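Both complexes below contain chain A, partnered by chain B and then by chain C.
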Partner chain A sequence: MLLRYVTRRLLLMVPVALGVTLLVFLSIHMVPGSPAYTFLGPHATKNSVAAFNGEWGLDRPLPVQYWLFLDRLVHGNLGESLFYQSSVTSLISSRIPVTLSLLIGGAVLSVIIAVPLAAWAAVKSGKLTDQLIRFFSTAGLGMPSFWIGTTLIILFGLTFPLFPVGGYGNGFWGHVDSMFLPCLTIAISIAPMLLRSLRTSLIDALGSDYVAFARAKGTSARTVLMRYGFRNAAISAVSVLGINIGFLVGGTVIIETVFALPGLGQLMIASILDRDFPIVQGITLIFSVVVILVYLLTDVAYALLDPRVRL
Partner chain B sequence: MTTTTSSTGPLLQVEDLCIDVTLVGSKKTVPAVRNVSFQVGAGEVVGLVGESGSGKSLTLRTILGILPSGVRATSGRILFEGVDLLQASKRTVNRLRGTGITMIFQEPMTSLNPIAKVGEQIVDAARAKHSWSKNEAAEHALSLARHMGIPDPENTLSLYPHELSGGLRQRVMIAAALACQPKLILCDEPTTALDVTIQAQIIRLLVQLKNELGMSMLYVTHDLAVVAQLCQRVEVMYAGSIVESGSVSDVFQHPDHPYTQGLARATPDVDAVVDHLTGIRGNAPTLGNWPAGCAFHPRCDYASDECQSGNFALRETQPGRASACIHIDQLHNDVATQGRS
Partner chain C sequence: MTVTTDTLVRARRRKFRRPPVTLIAGGTIVGIIVLLAIFAPLVTSYNPTTINLLANLQGPSAAHWLGTDQLGRDIWTRLVYGARTDLSVAFIAVLAPFVIGTILGAFAGYLGGWLDALIMRIADVVVAFPFYVLVILLVFLLGPGTSSIYIAITIVSWISYARIVRGSTLVAKNQEFILAAQLQGFSTLRIIMRHILPNVISQAIVFAMSDIVNDILAIVTLGFLGLGIPPPAPDWGEMMASGQQFLTTHWELTTIPGFAVVLTGLGLSLLGDGLNELLGRN
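For the complex of A and B:
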């Protein structure tokens, strides 16, 4: 059952990802400016521009260019960068670990922050603790991530120099050290949403008849909170987390810039400015695949948590 | 079996219980239950009858300490085997839930955890209390399920609540409630959400369990037929107060309160051929809008000026019977004349 569903969803991913690349292909060619002028400088002669375009196939009609892109893609080749003298595949694969660890670290950290606070707020629903937690989560919701990032750098990088202010560090622990603040920035920006949804669904669950009955039959308070409360509340919270992570994939671009992390986002920005089409195409494809996979994982987790859902 | 230390008093004794409810919109606090007193003896089945909003269910939930937020017992005592549950520590109340008192609810669909297998739900409380292993717990769940007449228990126990019928879900709930062998079981209209044939099966099961296990029951319902079938004594509640109490046969055959009389007349009887059913005129007052004096007076045929103010406490009319009505004589006269005509 589950396997068939996952296979179907993975197959459906192909047209969606292709649609995304088509959109990006069209929009990037509509933007004024061309890679030839960025590469050769504003005073380039017509002849050298034509030679550059001819060399990269940029003088051919757009449908042909897109067809060539697809043809290479089927063979697992994302093309060559116009600027870096290197294949797009190797450029992207060297930067994927940074972005993925940022996403995973941020998601894990946001769960670590949101779950206990949500439980605390729900149990103390309506009391001062609950109101304080809700106040800070609203405040967190209102802060843009680039501001949170710079504030964290000033606070924990400069005033109290506990963490490096940027870069990816060396070795595993160096990575962990330098990824902490960026992950925390992500966590602060998605934890409030997760916290609020978890708190609401936990309050619903704790006020339900099945919790009242569980208490009436003598189930311990701990079991009631965990197995009756949390497990039910987690169902809707998982979707919220999934949607937020999907949303965040684009947000990593900003955070990588703030913390000078050599990830996909930074490469993306540089490539857009350079009109380095193959890289932009490649990264967009990777981003859309990641987003689709996150949503698929969310749906699978949803079905595993709730026996009433049939996939 | 366990020996009770104080076997002299009743199993459950509720004295002058008052419950307040804070309304969600206006934040106003209004009384929901006023000076309710009654008792349930060992092995006895007591019915608590009244319309919705009369405070029956809140009384049950207060006994177990599982009130929703905004509801609070303000005064009175709830003695279970001599222990005041309103004053007892959380630990004591926790320990008594399941082993001393338990409750079965009206809606078997919403009262079971939708994402846990029913077998697990039947024994999770008992398993923790007795530190059973997984196999022991499964063994107990199976024997309980067989006892409750759950067909094909091996298979049924591994299903989720939404995969069962309403009647089966109610049997699962009863099994779960009885897993810790309680002495008193509070029933909050456990058959109202079921269709009539299933209703009869569940009531038969409850009667059978009561006879086998010698449990006491406090049965909340608005269905007088169920009370007549199950209970020995009945307490009739109206607008948060008990207006009449006595043995089931006495109360139903010779009501001592116009409200009970109205309820009895509004109940269809298959055996008696009646042209039409008489309803009680008007509607039950909503929370916070209870009339002064006898709360029933705006709907009562016997109401006089005296009924519109003052305190209408339950007064004993005969040994073992009590009524809050001050016009009992008139009521009895009327019944007598009607009988003759």
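For the complex of A and C:
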């Protein structure tokens, strides 16, 4: 049953994945004017323009170009960087660990922040504690993530120098030390969203008939919260984090720039400033693949956690 | 007789209940910021772009309420003129996705079939790109500038409106008043515009409130990355970005415009929550 569900979801992914490659492929043609002059500069010679067009296949018909693009993609070839003397694939793969640990660390920390606060607010629903938690989570929705990062740098990097203000550090503990503030930044920027939906689903769960029955049976408040509250909260946390994976991934681009972390996002921004299009294109593609895969995993996890979802 | 009047009064009172606190608080915050932005020339006597290198990086004083930046420009002045720039850009940026998304969503939901499938598959593809990654890519491709920001935000955010409106249209189209309209032989266009849209648009409006917050965040973030509204126009994102190099000595250059963004976001979020409550949903 689960296998059939996963297969169906995988098949549904195919048109989306093709659409993503088509959009990334077409993006170079969205540049106003000739791509060659845009990327090589206005003083490019005829020969270098011809070489650029030849390398990108820009002198051939569009469907042929797209086919060649897909063919290279299947072979793991994302092209050559215009700026670094290296292939895009190797540049990207060397930077994946930083971005991945930032994503995972941020997601874990956001759960650690949001779940207890949401439980506290739900138990005290309507009281002052709840109002305060709701107020701060609403205020948190309007915080730009780079501003949160900068504020954390001012507080815990400069005023109280507890953590490094940037860079990736050396060795495992060096990495952990320098990744803490960036992960916390991601966590704080996503926690309000998570907190708001966790609170609602916890209040719904605690007001349901089966919880009333459990209470009438004499189950302790703690057990009710742990067994019935958190099971529902977990389902809702998984789906909120899953739906917002695009927001999380986009956040890493900005946070890596703020903290000078050598990840994919920082490479993307640097390559945009260098007009290094193959890298920008490759990273966009990788990010979308991550998002599509996480959507799939979320649906599967949701089906596993919530028996009410019919497979 | 008395009983009837009493019930009527009570019923009316229930109908016109007090507006939620969130709506009042949000409306007040947003109202003050909008008024400051509109009447910017009246609340400050400085020009937001005039450089005065002799008076740079000053602390707060009677002449400069919030001090001056690295080019000697008055920070309070740049803040209120920045509200003008950022709020108007965000407001315009939310209009096109709202209109396009709502119409496409209503047509997709009402007509179904291949149009529905096509619109929803396009939505799936666009959603597969992280919001900031796609916006940054589009602004990069189209070149920095305000119109690129509008286009990029429109391409990315019509989807949420389309999905919301499509969902409510699917529910609305099976209701009796729509069947009645169909039986009267009204055209599809008339049914969608006159009968479906008025019933499904409120959710799109509520979402627009939180979407403006997202757009403001996107605009200041683009400004921070150097891809936003071109200088010297005052923009909160550019103010925060240029304050970065003085973080160790003048951290307030980054913090003050940040608070302006947070306050605006809070006001708009409260307004959205309040509207949602007023329309009877939680």
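As a convention for this text, the second predicted complex is superposed on the first by the 263 of 311 C-alpha atoms of A that agree within 3 Å, B and C clash if a C-alpha of one lies under 4 Å from a C-alpha of the other, contacts with A are read in each partner's own complex, and residues count from 1 in each chain.
Keep this in mind: a contact is a pair of C-beta atoms (placed from the backbone, for glycine too) under 8 Å apart; a residue touches a chain by one contact, two chains touch by 3 or more.
Since the structure is predicted, the reported quantities are computational estimates derived from the model, not experimental observations.
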Putting chain B and chain C onto chain A via the overlay, clash or fit?
fit
Output check: A:T138 vs chain B and chain C. Expected answer is one of first, second, both, neither. What do you get?
second
Comparing chain C with chain B, which touches more residues belonging to chain A?
C
State whether A:I154 touches chain B only (first), chain C only (second), both chains, or neither.
second
Tell me the contact category for A:R215 with respect to chain B and chain C: first, second, both or neither.
first
Of the partners chain B and chain C, which touch A:I254 in the superposed model: first, second, both, neither?
second
Using the touch definition from the top, say if A:N170 reaches chain B (first), chain C (second), both or neither.
neither
Tell me the contact category for A:S86 with respect to chain B and chain C: first, second, both or neither.
neither
Return first, second, both or neither, reflecting whether A:L23 touches chain B, chain C, both chains, or no partner chain.
second
Once you lay one complex on the other using chain A, what is the shortest C-alpha distance from chain B to chain C, in Å?
7
If we count contacts the way the header does, which residues on chain B are in touch with chain A in the complex?
61, 64, 66, 68-69, 94, 97-99, 102-105, 107, 110-116, 121, 124-126, 128-129, 160, 162, 173, 176-177, 179-180, 186
Sort out for me which residues of chain A touch chain C in the complex.
15-17, 19-20, 23, 27, 30-32, 138-139, 141-147, 150-151, 153-154, 158, 200, 245-251, 253-254, 257, 268-269, 272-273, 280, 283-284, 287-288, 291-292, 295
Quick check: in the complex, which residue numbers of chain C touch chain A?
121-122, 124-134, 136-138, 140-143, 210, 213, 216-217, 220-221, 224-227, 237, 240, 244, 247-248, 251, 254-255, 258, 261-266, 268-270, 273, 282
Help me check something: in the complex, which residues belonging to chain A touch chain B?
125-126, 207-210, 212-221, 223, 227-228, 231-232, 235, 305-308
